[in-house]
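The letters A, B, C, D, E and F name the chains in turn, as written, and every chain counts its residues from 1.
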Amino acid sequence: MQLVIAIIKPSKLTDVRDALAAVGCRGMTVTEVRGFGRQQGHTELYRGAEYRIDLLPKLRLDIAVTDPQLNAVIDAIVEAAHSGQTGDGKVFVMPLLQAIRIRTGEINANAI
Amino acid sequence: MPIEQTAVDTLSYALNTFYLLISAALVMWMAAGFAMLEAGLVRSKNTAEILVKNMLLYAIACVCYLLVGYRLMYGDVQTPSHAPAANFFFQVVFVATAMSIISGAVAERMKLKSFLVFCVVMCGFIYPIQGSWSWGGGFLADAGFRDFAGSGIVHLVGAAAALAGVLLLGPRKGKYGHSGAIYPIPGANMPLASLGTFILWFGWFGFNAGSQLQLTGIDNTNAVAAAFVNTNAAAATGAIAAYVVTQWRWGKADLTMILNGALAGLVAITAAPVTPSPYLASAIGAGAGVLVIISIYALERLRIDDPVGAISVHGVVGIYGLLAVVWSDPEAQLLAQLIGIGVLAGWSFAVSAVVWWLLKRSMGLRIHAEAEYVGADVSECGLEAYPEFVSVRRP
Amino acid sequence: MPIEQTAVDTLSYALNTFYLLISAALVMWMAAGFAMLEAGLVRSKNTAEILVKNMLLYAIACVCYLLVGYRLMYGDVQTPSHAPAANFFFQVVFVATAMSIISGAVAERMKLKSFLVFCVVMCGFIYPIQGSWSWGGGFLADAGFRDFAGSGIVHLVGAAAALAGVLLLGPRKGKYGHSGAIYPIPGANMPLASLGTFILWFGWFGFNAGSQLQLTGIDNTNAVAAAFVNTNAAAATGAIAAYVVTQWRWGKADLTMILNGALAGLVAITAAPVTPSPYLASAIGAGAGVLVIISIYALERLRIDDPVGAISVHGVVGIYGLLAVVWSDPEAQLLAQLIGIGVLAGWSFAVSAVVWWLLKRSMGLRIHAEAEYVGADVSECGLEAYPEFVSVRRP
Amino acid sequence: MPIEQTAVDTLSYALNTFYLLISAALVMWMAAGFAMLEAGLVRSKNTAEILVKNMLLYAIACVCYLLVGYRLMYGDVQTPSHAPAANFFFQVVFVATAMSIISGAVAERMKLKSFLVFCVVMCGFIYPIQGSWSWGGGFLADAGFRDFAGSGIVHLVGAAAALAGVLLLGPRKGKYGHSGAIYPIPGANMPLASLGTFILWFGWFGFNAGSQLQLTGIDNTNAVAAAFVNTNAAAATGAIAAYVVTQWRWGKADLTMILNGALAGLVAITAAPVTPSPYLASAIGAGAGVLVIISIYALERLRIDDPVGAISVHGVVGIYGLLAVVWSDPEAQLLAQLIGIGVLAGWSFAVSAVVWWLLKRSMGLRIHAEAEYVGADVSECGLEAYPEFVSVRRP
Amino acid sequence: MQLVIAIIKPSKLTDVRDALAAVGCRGMTVTEVRGFGRQQGHTELYRGAEYRIDLLPKLRLDIAVTDPQLNAVIDAIVEAAHSGQTGDGKVFVMPLLQAIRIRTGEINANAI
Amino acid sequence: MQLVIAIIKPSKLTDVRDALAAVGCRGMTVTEVRGFGRQQGHTELYRGAEYRIDLLPKLRLDIAVTDPQLNAVIDAIVEAAHSGQTGDGKVFVMPLLQAIRIRTGEINANAI
């Protein structure tokens, strides 16, 4: 099992969710985050003083997947979240040792 | 020592002036009501911009009406019963109301500068010219058109201009999907929207009762008192009716519909706040509360995107209010009312459409798609309304 | 040309009417104050619902009092000094105040529909019937009971009904733990709560000064002016006293207690806003500010859960205010005041308890535990008050 | 039956009293405006504390002025045209305004207790003593100094005291960096700030028009009406001018600057709201709108940290308003105005500086650095203003 | 060492925290997240239009544990967060290579 | 590759960001979290009832790094986030199996 972490633009959430559903992945956890990277922020103005906002709003998706699902999930995210502009985000994949569904106690592949 | 008539006249002059000034101040306060209502019903990313619009439209209305509009509308006014300045002040705040209606309907997607240019034209010309036809003693007045405090002259005119703008502007991105899908875009701050409605309710006493223009004399005094009672009654039943409809239809109490219901009651009674009994006023308000929900629902299906329901509240209900005049005012005739409705709505819609269209061709009406996504606050004002609060970005 | 008495009378009629209408409008505006205060002191998940309650209770109060209450309370009123409609309007807004008190105490857990049904009974019957005993010229008036603007008739009556409701309703989930533990449940929006208090303070000038009912005549004029000064003074010292107590007791300035202190000052002076000197009014206000904190603290320990402190502010302090009348009003007697307190509180508590109990048996008083957890906004209104803001869900 | 002069006098007394009371109530309502403006312009972590300050400063002003200030300022006042209590009430609310100005400038870093002690001194002594020199009929009045409603006596005096406080207090942590860097610290809630501005605009009608002190008599009546119109006009052009400058200079509509522009227009016209024509009033307002932006910008560069712009809006523009009197008031002389400005600003600045300094040495002026980081809400009030909302902690 | 990630219902936070304290675990990091899974959201109504909320509020707990603690921690969470209704959440376990306490520079087991 | 998770005091964000930039790391993802640990919370007062706030605001930084960068990044964080007071936070290091830049499809070291 792996945990896929995707940092995406907030506007892409619906597209990514639909793409994930299409490859049979129906669960995920979404976090509001702020991203810092190459993407330039915008300038704001407050009482005559300008300043840059360079922590930009992003969404982080955590998706636990079984090994056979992995590539399909990654492809689905990369495709759906792609706009071609700086700041589209990243996908990170990490090893997942155990997964447990609290409601039933099912574990691993059954818990996802 | 017996005294002269003149001492009493002087006192009466003072009292009438004060009554008109306080009424006008209450109407000025309605500008805050519109600002809060609209700031509550847009998304947080467009809140600062709508506040800028509301502050500036009021300011521009004051300047344009001072420079041009007042004379266009009333010519040389004689106000023996009260100070001329009080008369001007009472009229100037009405213009701002008409303009406030528009800002809500075009919210979240219109360019600030184009809006402000329209504001100049509206307050300097479109509004005062039609105003001269009725309140200014023109042909609509002669035709027997009755609109006591402006269901038509203020509210319908504002809503017709708003409708023209909305049609040329199109709906907000993400509001309508393919094959008829409608996506609600909830406003970000319900307490603000409710506060705005309460402010409007409160300010409306000045709007309607002030329109008697004179307080002294038993009949005038009673008319002013009746306007207070009826205004309040219609707003109350408007809110209740809207609640009953939403509860019955959807099983829930839809707050923003209830707010619109109260406002609809207020708009409806504005055309004749003095003549109805409180019972009739209550009935008129209740009708308005039902009508406004039907209208909002219908406009939604027609894909006319009006974030705050201004076209329904002020336009559709404004027409209803003008027609309802005949129920209580023996001097009113259905035909004259219909003519008035046609003229006002037609004038305002047509001229506004031309102005909006010219703006669209020149400066552009709509903010860039990217700016709309990020929010007008950042693109137009360079600032966020709630910069410290993490917010769920809605498309 | 010397003039006739009648011209002056007409002017006086106009002035008195206007005075009463403006006072009433200020009291109407208090409805917004209660709405904001309560919306600020509940959790964000119950905010939209409390706004619906406040909007509808005001609307229902207007309708019920028009249809039934006013006649029950005053019979056929003669108001030679001002327009009858102004008199009605001034009375109608008082009913809404009584009802607003209740909505705060039962907040965050009562079913909307049951609340609205109670509202009908309260505004149509419970309030006007007791009102007829005092202001309507009934037996309490004969007994010498003095309650100028309604510390008892409005505030205590509202609070007693609220207490009955709270007892039958029980505390909010998570408010009280085992073995006496008390968990504070902070309100979500302090600026709103403060705004509400300022609105109430402002509106209270209409409440107290309007209750003179007539402005003209040197004595009346001076009384009205005194009511403004004393109302303001009592609120000021109420706030200061509450601040001093919290600072002394807990080392911090407890904002919501200070707000309650100001309101307590206002409630306390309401029973006699004209007769005290500004110094005595200040002293009465200070006493109220101390008392309200003690009362809130004590009710908390008695596990009577009142999210906004309405029972303390309007009930306990209302009683105090009625007793304080004897300090300034030579015509007031302690015994008559005690009788009045007993009658009003007893009547309102008892009848309300029956009505609440009947509602509990029929429609149910309390929202489902799951709904309470998720919030009344979603369960009763299907909407969130601040849908875009990520909020820490508190139990 | 012909009637006696006295009946008319009685009526006039009632009307003047009522006019003054309503004006005063509107000024009281400005306290809410300052509270909302400041609560919107500070960071969320300091919001509850600024609300406490605003509530208590108003309360303290009322008490101190009642006990000491009023007598110091006016001695034994005779007010034949209206109730003495109304006169007192109108004066008392002015003190609170002066004090409100200060709370904004020292926001986010001053100890609550020290602020409250200063408040006592200001309202009991500093303000009333200088007030006695002009409105109280003292040497400034004799010198021909003209300040109709208090651009100097209220606003400049408040701002000078604020400036002294800010200099002794220093800027907020994180406001200024090394080598001239200036970091903006955006306020947390723009709708509140806008609401506050609307409230102030509304309340200012009472401030300026009430300062005529008498409504009856044709000249008085016309003066009151003129004050309404001019007050409104100056605020409108102030907002527009501020918008034009920010749009031209930064390409954006800077909301808080526009709010300050409207307030600057109001402050500027306060020194002479009656004598200018509406056109001149508009021009004065426009000048104020430009000036306030320049001033805010300049103070920023001088590292004088004023979170809400109070020193610019009330101080710099107050001086401008006092000078602008000579444009419309033939009796005003530039020299007398300059003397007045020097005396008022000098007195208020010098005495305040001494008081602030004494406070700094005894109780300390500034909250602990750690407390400032965490926010004054937690350290001074033990409470958060928006406890449920996750917020981005700004340094 | 492992990092335990628990997605739970917000109402269970206090229970879980107490259960964790009982097994000797006193540190954790809590994040507000929104979860998407089998649990049905609720319907909201806005101006006469109904819509589903299907991103539901959840809390994410990140707890670094030493290997001996792991099972006790997992059991404590699963038990305390359990209500039996859909949406109770998941527990994920991931390998943790290093842990450092910033204040002292202590590492690994000592840092947790 | 590794994923470095740093839990820090919010006031240290700017310092940490600058320190990271100095060691050549220009991307990260920031999350608002609440931390529970040894640090004592503060007491709040509401209507005369006192209560402790013991979930304290912290920031969580997620930083994907290549193996050669790892130690420099950790040191930079530990130094910049250090104040010596309880609650300074933790650094956790976890294995990262894959990284993908959505915009370009670049992977692993190139994606960071």
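Going forward, a residue touches a chain if its C-beta (ideal position, glycine included) is under 8 Å from a C-beta of that chain, and two chains touch if they have at least 3 such contacts.
Quick caveat: nothing in here was measured; it's all calculated off a predicted structure.
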Q: Indicate the lowest number of steps between subunit B and subunit F, counting one step per move to a touching chain.
A: 2
Q | Contact-graph separation of subunit A and subunit F, given in steps at minimum | A | 1
(Q) Contact counts by the stated rule: is the higher one at E-F or C-F? (A) E-F
**Q.** Between subunit D and subunit B, distance of the C-alpha-averaged centres to the nearest whole Å
**A.** 31
(Q) How many angstrom lie between the centres of subunit A and subunit E, each centre taken as the mean Cα position? (A) 18
Q | Between subunit B and subunit E, centroid-to-centroid distance (C-alpha), Å | A | 50
Q: Could you grab the centroid distance between subunit C and subunit E? Build each centroid from C-alpha atoms only and quote it in angstrom.
A: 45
**Q.** Residues of subunit A touching at least two other chains
**A.** 31-32, 44-46, 50, 94-95
(Q) Give the residues of subunit C touching no fewer than two other chains, as numbers and ranges. (A) 2-3, 8, 11, 15, 22, 186, 189, 195, 250, 252, 254, 256, 381-384, 386, 389-390, 392-393
**Q.** All chain pairs that touch each other
**A.** A-B, A-D, A-E, A-F, B-C, B-D, B-E, C-D, C-E, C-F, D-F, E-F
**Q.** In the complex with subunit E, residue positions of subunit B that touch it
**A.** 182-186, 246, 249-250, 252, 254, 256-257, 293, 296-297, 300, 309
Q) Touching subunit F in the complex: which residues of subunit D? A) 373-374, 378, 381-384, 390, 392-393, 395
Q. Which positions of subunit B touch subunit C when the two form their complex?
A. 2-5, 8, 11-12, 15, 19, 22, 26, 43-44, 186-191, 194-195, 197-199, 201-202, 205, 209, 215-218, 220-222, 224-226, 228-229, 232-233, 235-237, 239-240, 243, 250, 252-256, 258-259, 262, 278-279, 282, 386, 389-392, 394
Q) Which residues of subunit A touch subunit B in the complex? A) 10-11, 14, 32, 42-46, 50, 57
Q) Any idea which subunit A residues touch subunit F in the complex? A) 2, 5-8, 31-38, 55, 58, 60, 74, 77-78, 81-95
